[in-house]
Amino acid sequence: MDDVFSVKYKKPPRKYANGFMFEVRVADRTGDITVKFWGPADEASVRRIYDAFRDGDVVRIKGQATTYRDVMEISVNAESGGLVRPVQSSEYSYGDFVGSSEKDPNQMMTQLNSHIEKIENPHLQRLLSSFFSDEGFVDKFKRAPASISIHANWIGGLLEHTLNVTDICDFLTKTYPKLDKDLLLAGAILHDIGKVIEYSVTTNIDESTDGMLRGHIVAGAEMITGACENIPDFPENLKLKMAHMILSHHGKPEQGSPKKPQFPEAAVVNLADDMDAQIEQYIRVKGEAQTDDQWAYSKRLGLIYLG
Amino acid sequence: MDDVFSVKYKKPPRKYANGFMFEVRVADRTGDITVKFWGPADEASVRRIYDAFRDGDVVRIKGQATTYRDVMEISVNAESGGLVRPVQSSEYSYGDFVGSSEKDPNQMMTQLNSHIEKIENPHLQRLLSSFFSDEGFVDKFKRAPASISIHANWIGGLLEHTLNVTDICDFLTKTYPKLDKDLLLAGAILHDIGKVIEYSVTTNIDESTDGMLRGHIVAGAEMITGACENIPDFPENLKLKMAHMILSHHGKPEQGSPKKPQFPEAAVVNLADDMDAQIEQYIRVKGEAQTDDQWAYSKRLGLIYLG
Amino acid sequence: MDDVFSVKYKKPPRKYANGFMFEVRVADRTGDITVKFWGPADEASVRRIYDAFRDGDVVRIKGQATTYRDVMEISVNAESGGLVRPVQSSEYSYGDFVGSSEKDPNQMMTQLNSHIEKIENPHLQRLLSSFFSDEGFVDKFKRAPASISIHANWIGGLLEHTLNVTDICDFLTKTYPKLDKDLLLAGAILHDIGKVIEYSVTTNIDESTDGMLRGHIVAGAEMITGACENIPDFPENLKLKMAHMILSHHGKPEQGSPKKPQFPEAAVVNLADDMDAQIEQYIRVKGEAQTDDQWAYSKRLGLIYLG
Amino acid sequence: MDDVFSVKYKKPPRKYANGFMFEVRVADRTGDITVKFWGPADEASVRRIYDAFRDGDVVRIKGQATTYRDVMEISVNAESGGLVRPVQSSEYSYGDFVGSSEKDPNQMMTQLNSHIEKIENPHLQRLLSSFFSDEGFVDKFKRAPASISIHANWIGGLLEHTLNVTDICDFLTKTYPKLDKDLLLAGAILHDIGKVIEYSVTTNIDESTDGMLRGHIVAGAEMITGACENIPDFPENLKLKMAHMILSHHGKPEQGSPKKPQFPEAAVVNLADDMDAQIEQYIRVKGEAQTDDQWAYSKRLGLIYLG
Amino acid sequence: MDDVFSVKYKKPPRKYANGFMFEVRVADRTGDITVKFWGPADEASVRRIYDAFRDGDVVRIKGQATTYRDVMEISVNAESGGLVRPVQSSEYSYGDFVGSSEKDPNQMMTQLNSHIEKIENPHLQRLLSSFFSDEGFVDKFKRAPASISIHANWIGGLLEHTLNVTDICDFLTKTYPKLDKDLLLAGAILHDIGKVIEYSVTTNIDESTDGMLRGHIVAGAEMITGACENIPDFPENLKLKMAHMILSHHGKPEQGSPKKPQFPEAAVVNLADDMDAQIEQYIRVKGEAQTDDQWAYSKRLGLIYLG
Amino acid sequence: MDDVFSVKYKKPPRKYANGFMFEVRVADRTGDITVKFWGPADEASVRRIYDAFRDGDVVRIKGQATTYRDVMEISVNAESGGLVRPVQSSEYSYGDFVGSSEKDPNQMMTQLNSHIEKIENPHLQRLLSSFFSDEGFVDKFKRAPASISIHANWIGGLLEHTLNVTDICDFLTKTYPKLDKDLLLAGAILHDIGKVIEYSVTTNIDESTDGMLRGHIVAGAEMITGACENIPDFPENLKLKMAHMILSHHGKPEQGSPKKPQFPEAAVVNLADDMDAQIEQYIRVKGEAQTDDQWAYSKRLGLIYLG
């Protein structure tokens, strides 16, 4: 095995029978794996190799695939030509580690902006502007994935998902004219903005400390309330409703939402969010299947019929 | 209390301390209630009153609201002017007992037919024709409710719900072009046809014996396979996929589906079905609330914010 | 029945067979009940009675206890001497509607302050000061209940509960010296501050709109992050850990925490919070039992042995 | 309402607006109900009425059925002829309060003994003898019900249930010859003996303090291990297996068994126990239905088809 | 590793670093495993090897057991003597891949027929005849397994299981004489006939497309209603009851039954079905254990005591 | 791989292609693993190796780590120098296989005794004496672990856990003076005594047959009732309460307690037991983490933050 990987984290060198060894957790597009580097008794030389790269770097690894305690890992033996060394950014492309949306981000952003322009409520207009007129925010929003591993886990995935959810909500206002269109669109567009904070995207997609300790739902709701409080005369009531739509968009506590949807528009955002995530997964599992069998297996969806 | 109700079922007269009594279960638009008729020692006269009406008849009841073992009921005392007697159909209108869709059934049927016409696959065309060219079926389909008590529980409710689900699915084929449009529309249009068998609509909406013992999911799937088998050269594969879409449209076993959706179009029908049912309930609970408080309570949805 | 109650909300007058009626939801210390006022055909007079009081007012009600659709309510008949009228504050005491802690709030506050003083970390010191040096906050904190109906649902209940949790955490730092004492105490003291926002206490304990739409967990976490961001040089890391302790203090998503505890001190706050709530309930159910039987029943705890 | 009831427990007299009142919890064959006695200002006279009867006594109650806080109760008004007074045992028969098995207990005991005689393992023979040669035990065993309210809740119910379970197990040894017949029969015969301790049967079936605090599963297992330890040379292994069969006969922890069945005979006792309980309930609900409708409702089984 | 396996499905050849490779999923009596064939750069030769066998064929495989991404697989290296090639049916026996019942199928069929003959209801007699007088059906019925992997997963397993369930039900009619014996026996005999459609048995036991998309419960119920509709004068009511017994025989939705049992005979079939499946598993796990330890582990049953 | 392990159990030699092989299950401090010894055709020599050691012995194993059916195991090849042979107790120390508490057992015992001395109720004093004046019991109690693998799974772990739980309960009597201190302390001290029976500690910690078939909860409760019955005049009531505290200390049936806590002291023991187990795990997972990453993973606790 001789391939390049992105470094997720590493554990410092320690002694073993024949010298010093260390562990590195690395990833490529297909997942994570642990690498064990078995070095000689010369501690300084092992430490040099260990110090030569950091989290987020890309390294070339030459070693053997083995298993330990029932989990696969890569064993790198320094004496028999094994290698763990950083690689120049010229030697790989980001696409080796993190995928990108198949759609053009600028075009998607344009479509999302056309939804934003439809909103007539001046408070909500100002709320959306506070985010989407901020170039720094828009840059991050366009890069962010929709998840680490479940759906739309690629650069641009958040934008792609947000656009789909907003399209669906926009359509539903025709079928159900009693829905408050402005509130619904604002909720759809902003429902996942916490993911800008939750995920960190370098050579791999990872969850930030903030994402782990608070999560995108709470972080997103706080971004909303913070922004509302900075807008003069923003109605208290509307602020709470916007925050509630973010907090409840996973539908129930077991799925991470501290509140269940408590008004129609909150329910619609939850349903449209789930709908896009589910359909995207079904289509992807079916599309990626490479088999002469009529069934493809997905850990989350079970067996999918290809016939 | 002096009002008309529809009879759901009755229990034969039996002796009590002062004579003979019988029980009747009746309903109006707001729900069910048990009526106890307390008659004199003259068994024949009580029996006459009991025999004067049957299940599905409309009766006028004059009595006292009381409670027994913690449940409310109506107590009818023959000696103090109480009354249970059948009422001529001229004295009430069906609308007293069962509601109707606010939308025009013929117009909705026209819209559904325009979806049917879009289907290009000749097998699926023939399958849909086998139902929707049958006037008797269409009549029942237009009258049927979407449920007994949860959502769209009114005459025309099934058609209204089916049209919404089909509209949503039709829209989704634009967002997700990889979906098989013909298969999806056919599934959406037919997903609930078992309800034509499941519910019986007279002066009240009730569940038929077939509905109770098999349910609309299994009955509907069998209607589909039966129809497919009567169409020459209908592909076996397509028949199974159509049956699967009906069987899986409640999403998971706990919700009554013997199979989870196993291909994208089955998943979409499930999601759109759930979406319409949920949104319809949220909007209705909010719309029907009569209160100066900011919250309305629904047994299924919890507290709904009206602010 | 002739008693005083606190008004929770009311529904506007509407026509009925003999005139105009309206509904009011009222409460006393034992719970809530619906009142139906049945007035004469003179709409203006009914409207006058209705307009004479507002949410949060105390009213005297003279009427009959009845049941409707299986739920108890009070029926007030204007013609037979029934009465719904506002009462001067001199005619009742708050204690008729909302209980108070058996312990002295000032003494409890002193004890809590002595815990605050023990905290050595200067950032956490400043964080706690930002709340507990603010007299307005301290006033609200001392009045707030710990819940609406489950445990310590009385004025001063939040302070009483917070002190117990902090005492327990303080003790545990002796048994488990590896715990970060400052972090733990700060978490214990602040874990429920969102309840200052969640509950509104007038003549009854109610949940505020903010409490309903966001909940004390999210509101409390946002109070913390907001306060940290206003303190110069407050470590980002420490801010996230404080926020996490608030967010995770209900232990798991099903119980309202968007995150499970992810470090020892967060786990301890969760365990101590649950411990106090449970023990308080067990002791209260047993203490309040009035029976010659050996068992008392509690909806949440089941049968409690008194022997 | 004027009827006799069995007293379950009572709460001491306390003051109310017009005098002194007390509460009694009473039962007849159909369930429990609370009685409130409203007496005059003369405390001594109320106390006399209260002291005139005790738990387990039978009382005649004359009063009004009313509801309070949504639960039905009987209101006895001393001034308008209401009555709560003990009744001589000559005025009622036990059958008014507690049912009896339709089968002859002696005949059932004979059948059970014939199973006991089939057991060849001398240790198990001695174990069974230690119970069934003890007349006092056999008397209690013949009287005990199989449950308070769910199945075979009548005098002789335990014997009837035990015999059915043993018959089924005996039959199964033919279908599955690898089962250890002696172990299985001993387990079947003894699986519920803890119910002799769990229930107390006087004029009503009640759960004893031991039943509430330990339960028949643990109490029964301890009866077995105690008996085994008193038999010389009883194999340790066999003792544990017998105890395990008792402990695991409810199948899983959620159903009260601290251990799941861990060998075939334990599984068979669990399955046969559940089978008899379920079939008995289905047949009884269907048999007891009195209705012209085709469906009978049971809280545990749902709607049962009578057609 | 050099052994014969049955082919379940295969994935077409694709390029890799040194040439072309393909994957095959194969099975023997102990389970499934993935085989990876690593061939040379000559695509045509690899394609020849790939095309030489099909699903259901038996192949000889010579290769190395390795693991990839934590799952075991067989690596076949063409250059170092690895081999994947079809095997003549003379070189193996079906018993290598699929087990057979230890009991004689003809004798079991005779026993089942003697149950059929006991049924007196002429409609049910005709229903059973419509299946068991059809030689083609009987052949399939005798070959079918009772499951793929859980219980009685061998040729003849369905017949063996059906006979056990019917024996148990027949016995129970003695203990519970109120059961409708004809209905019960018919339900027991036919409860699993959908498995004739659900499983396909060649050199391995697999689930058919119909089994995957509809399942044996729905397919079986439809076989019953179809057969009933072809019998003149078959009572509608009896047809629905028969269908219900099939649909409800897994007991609850979570276990695949769209309806819970709604009359006694349906409950009995469910209980007897579960009883045989459970006992058979317990006895088999214990019987197949090869260990000097006192415990055998089963994924479904947990640890089983052998002492 | 060349290391020493403790033998858990072994499976007798059987034939394979090249001779005779046997399997042994062994353990060290980090977990269990299966060893397969592949020997020559000379059965007697393989049997000699197999017979040379027994369960609980320590063996030296020289072999290769491999995987089979996805689980890691050690393959010992006799022909290429592989080795499985018993080791003298002088060649290893117990600490290689089973850890020990970091605290001094005698000192902990002294602390526990000081709690015992505080108990004033003479019956409970005698009950505790019956255990803690028995040197044999105390020896076992001091050696026993608190669990096999979850928390405090080391020699002395039971004592360490018991002392922590008792310390917590003792503290709580100050916060909640209504608790019955004697009852609570007695319950805390004795809550886990069944673990003396449940675990067997030799060169590894294993669960005894009694532990597997009855469990420490039932065994402990029976130890208590047995001891109470041997104490003259021990109140029946107090015996049941003590037994209940043991039985309910896991809180609910799903966690192994046949009864939920039914009085305050039982609830407190449950809460304190859970508190110590949880905190101990959090602290240990964090303390044992060896990584430059900020997160450590625990199967039971999920990701733990180290920052």
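A, B, C, D, E and F label the chains in the order they appear, each numbered from 1.
The rule is short, and it goes like this: a contact is a pair of C-beta atoms (placed from the backbone, for glycine too) under 8 Å apart; a residue touches a chain by one contact, two chains touch by 3 or more.
Quantities reported herein were computed from a predicted structural model and do not represent experimental measurements.
Visitor: Measuring centre to centre with C-alpha atoms, which chain is farthest from subunit F?
Guide: With centres defined by C-alpha atoms, farthest from subunit F sits B.
Visitor: Note whether the interface between subunit A and subunit E is symmetric in residue numbering, meaning over half of all numbers used appear on both sides, and answer same or different.
Guide: Mostly different residues.
Visitor: Between copies subunit B and subunit C, what's the superposition rotation on C-alpha atoms, in steps of 5 degrees?
Guide: 120
Visitor: Which chain's mean C-alpha position is the greatest distance from subunit D's?
Guide: The chain farthest from subunit D, judged by C-alpha centres, is A.
Visitor: So, what's the distance in Å between the C-alpha centres of subunit C and subunit A?
Guide: About 38 Å separates the centre of subunit A from that of subunit C.
Visitor: Taking each chain's centre as the mean of its CA atoms, how far is subunit B from subunit D in angstrom?
Guide: That pair's centroid distance is 41 Å.
Visitor: Provide the C-alpha centroid distance between subunit D and subunit E, rounded to the nearest whole angstrom.
Guide: 42
Visitor: Do you know which subunit D residues sit against two or more other chains?
Guide: Touching at least two other chains: 67, 70, 209, 212-213, 237, 241, 244, 262, 303, 305, 307.
Visitor: Of all possible chain pairs, which ones touch?
Guide: Here the touching chain pairs work out to A-B, A-C, A-E, A-F, B-C, B-D, B-E, C-D, C-F, D-E, D-F, E-F.
Visitor: Show me the residue ranges of subunit C that touch subunit F in the complex, using the header's touch definition.
Guide: Touching subunit F: residues 164, 167-168, 171-172, 175-176, 178-179, 237, 241, 244, 260-264, 267-268, 271-272, 274-276, 278-280, 282-283, 286-287, 302-307 of subunit C.
Visitor: Any idea which subunit B residues touch subunit C in the complex?
Guide: Touch residues, subunit B against subunit C: 31, 65, 67, 70-72, 290-295, 303, 305, 307.
Visitor: Any idea which subunit A residues touch subunit C in the complex?
Guide: Touch residues, subunit A against subunit C: 209-210, 212-215, 217-218, 221-222, 225, 237, 240-241, 243-244, 247, 253-259, 262.
Visitor: Write out the stretch or stretches of subunit B touching subunit D in their complex.
Guide: For this pair, the touching residues of subunit B are 8-12, 14, 25, 55, 66-70, 209, 212-213.
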